[in-house]
């Protein structure tokens, strides 16, 4: 994996602000982004990425290529939580195993966004329909996770209800904003896209820097908690992304994606959710411990993907595709 | 001034609607909500700093008649059992318009 | 009223985000824009619209045409709360009648903004002095409403005081930001306008989308409360805007406004305030019930104007003007 | 530790300046304000979600000497009468530097 | 329901980490934090409106056993002495899952 | 000092919004920018100014000219808190004297920003390395202030600790964001600069207007408190900036700065901190009274510099340099 890639990833302002946030926390600075500003940034990012994706999709249309990509994305979104659940079950109780499985089956929008800006820096193109892929991958893992927990989890008071299940999966605020903005982008097309471009495109990277500054603080705060997790969760949080990435790369190559789209699909599968899924799990599986699944995705998998994952996956793809 | 029980209920923020519905069901129409609040308890530390969400608690303050108190408390017990949280009860006097 | 107009209004991103917000609330999503973010958006919108209006007014100057428009606006801002008060008095007590009258006599800045972006989409031009008209229309209704309540409202402790009255009408935060920004725009003119354009113009529609997303949630929350209002307030909230719109269109035609300015004047008269007036009423007429006047303007009149009013008024104007 | 009365006053947020002025007028220099808080009472549910404003309440907490208490309470009654809200009184002990 | 002491500690917000560490050191694992709150006391009015920072206080609410109470209070006295703030103690009953 | 300068400074939208905020507070308006929005604006301003400065510094490089400027800045940042401390000590106790000295030894980023936009309006150029000068001047005064207080302040419980001292000086949130963004700008250079420009440059003045609107409210709130301060602090808050400005102008002329850089160095020395230092003093010198040092810098020195200082310093510089 060549150093140039790592460097050009690290010299990306958003990533550097992530480090600044971590540094602030580690040297005991009083720097913090008070509630609800981070919510504002994430809302902005989800709305913008969704809307831009919708506009792109409106341009490209539903080509076979696009359909194949979405199918692959859906497949991974269902397969990952299933296989990881049974791995996790060996060490964790049903609820925690289900929550972690859902976390890793779903996606991290910000990792995806970092990947797109990484591609932008490399001058590698990617399709707007990948955002649709991301949107599609948000919810299935939530459904699988909750369903599995309900079916295998004996005697935990709450009865199973499809309506609750679907609401937890799709009425989740972040999912709704992402999908809603995507649909709005689709409906309004290029005219809408042009009208909002200064907001959704031009200032986007700046807002991303602010959000990652907060992410740096927030993940560093949890570094201390990692030790208490024990070895299994730590190993899981670093190895499973690699496995999922490998499968995703194979899949991407099989359905003949371009290098850009391939990286994005890979990142989607390798990333773990820390916005939509934790919110949903908190409602649906209160017995599961957020200290476990949030720490794993936020303090280990997210930094791992942002710092090492991106250049690593890219270099592998470069090798294979050429 | 009227002798009342001052109930202070701290629960997981997403449970708030459920709790308020329970209170209203018991005929409690007066309450004050402070949300989000953070805290620590049996289920660990809730930093409420998760990006775009957070693990905040809500604090519900309600003054109920001494007669109501018992019944209200019993009605919220299951919520505390299922989702954690506490309820603090103090004797107080209510001054109202 | 032709379908094309309705459609081009509905396919406006801001309006679509309003629907998204409503949808979120209706399907019981946990989506919410936490306090004080909506305050930030409204502050931004008032500041930007006011400032842009001031800059435009600086360009155009105080032509007779402009003066006539402002005069007409002032006239409506005083006439509407008066006539509506006596209608309302038949069903409501003095305080509530006065509060509702003030609400409908004043204007909704966001409805006005939606109208301008609607015009933009249709390629119909309008004058920046219309913002001055809006600014002029914010306060008179507040004064009329409070004055009427004070004079007719016997024995409600608070004695009448002009200074209080004026403070409630002009020291209101939203009014002050709007008028202040307008004056600043007037003073700094085009140079100032250019300097702030990226902030006040380019990202404007994006911020509007965020604000309307919140508005959708907030109004949907109140839909349930409408039923309890009874038939009279509901009828009032839908019919009175139509009456005021009709009068405004006649007036606009009489003083020979262009189609764009005509629509904006119409929307100003047809819209009801839910930012400035409720805040002022809360201070000055605490006995009035916000559950009544806020619900009427926020949950009925605002959506009505945004969704049906704009295309309806436009099509009528198109018929008459040609 | 000193025996005091713990007053907890919940009022319409815009009334806060008036209330604090009243407290200071009665020689109460120590108080804590939590604002905004939401709630429900005789005047209905205050969501505090109105765009660009909101209908929040403010919660004022003040520990006053048992002697002061009566007088302070009487002085705020009119505010509660005019603008709604409540005042909860509890016996407490004050630990101060 | 268990008889407990309800401690309500109001301190300068930057002191919060210190205070929570003290509480944990005394074996207090349950507490709720409301921050920022504003207020006024011996050290004047804290508006918490300073640009990019603010002079807010934090309010820490904790229910401790009657036995613990004394010890906990003594352990936080120095903080109140050094940095100001107060601690209000009330008798309460704790309802917990 | 010529009227044209004063006018072109006053007709600057940011300054006008500062007045609007003051006006709002003085007429008892309910206008306020609720917490934590001001924190968001200051975070944005520090991040943007730091980042832009870093990018500029990356372009210019460390020329002798630049090094001399930074040296001069450092010198003033250490000299000012020392000499002012001994002046202050005559009237104030050790802790308050130290806190005020640190406040005036450090800098006001917003006054600096207002100065740059004032220069922009006059078409006078300035170097990006001046931001580096500002960054360098944030912390030394904090160190000097705390150190002096520790050494001369007998028997105030807290023992002296270098690690604490350095943390209070550099781990301060605002200092960290400013310096961090500067370094990130340096590392990413022009490519990074271009990518973030719409965020850090284009909307900058608009955000500055919002922040100054809040500053106006906040300083006006404290005007009442000035009287209680007594004559000495008031005199100090107006005269000391003039003295420091004079020294700075001499220094700037001596090391041969251009007019733009000269004004910026002058403003840095004449301004007092109200973000970084108060936060640090609150942690390190809780015995000092914020009602004193915050009121002096926020309610007296800041408006003084913004309204009179800028044009005054500029006109003096114009006289001398030509």
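Order as written gives the chain letters A, B, C, D, E and F; numbering starts at 1 within each chain.
In this text, contacts are C-beta pairs under 8 Å (C-beta built on N, C-alpha and C of every residue); 3 or more make two chains touch, one makes a residue touch a chain.
Treat the numbers as computed from the prediction; the structure is a model and nothing was measured.
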| item | value |
| --- | --- |
| Set of chains adjacent to chain A and to chain F | C |
| Separation of chain B from chain D, taking each centre as the mean of its C-alpha atoms, in whole Å | 19 |
| Chain A and chain D, separation of their C-alpha mean positions in angstrom | 45 |
| For chain D paired with chain F, centre-to-centre distance based on mean C-alpha positions, whole Å | 38 |
| Residues within chain B bordering two or more other chains | 14, 34, 84, 90 |
| Touching two or more other chains - residue numbers and ranges from chain F | 30, 35, 39-40, 43, 173, 198, 202-203, 279, 283 |
| Chain contact graph, described as a line, ring, star, complete graph or other shape | other |
| Touch relationships between chains, expressed as pairs | A-B, A-C, A-F, B-D, B-E, C-D, C-F, D-E, E-F |
| Residue numbers on chain F that touch chain E, as the complex places them | 35, 38-39, 41-43, 46, 110, 157, 173-174, 211, 214-215, 217-218, 221, 274-275, 278-279, 282-283, 286, 289-291, 294, 298 |
| Chain B contact footprint on chain D (complex, rising order) | 8, 10, 34, 37-42, 57, 59, 73, 76-77, 80-81, 84-90 |
| Residue ranges of chain F touching chain A (in the complex, touch as defined) | 35-36, 39-40, 43-44, 47, 51, 167, 170-173, 176-177, 180-181, 184, 187-188, 191-192, 195-196, 198-200, 202-203, 279, 283 |
| Interface residues, chain B side, partner chain A - complex | 12, 14, 36, 43-45, 47-56, 82-84 |
| Residues of chain C defined as touching chain A within the complex | 11-13, 16-17, 20, 23-24, 27-35, 37, 40, 121, 198, 202-203, 205-207, 209-210, 213 |
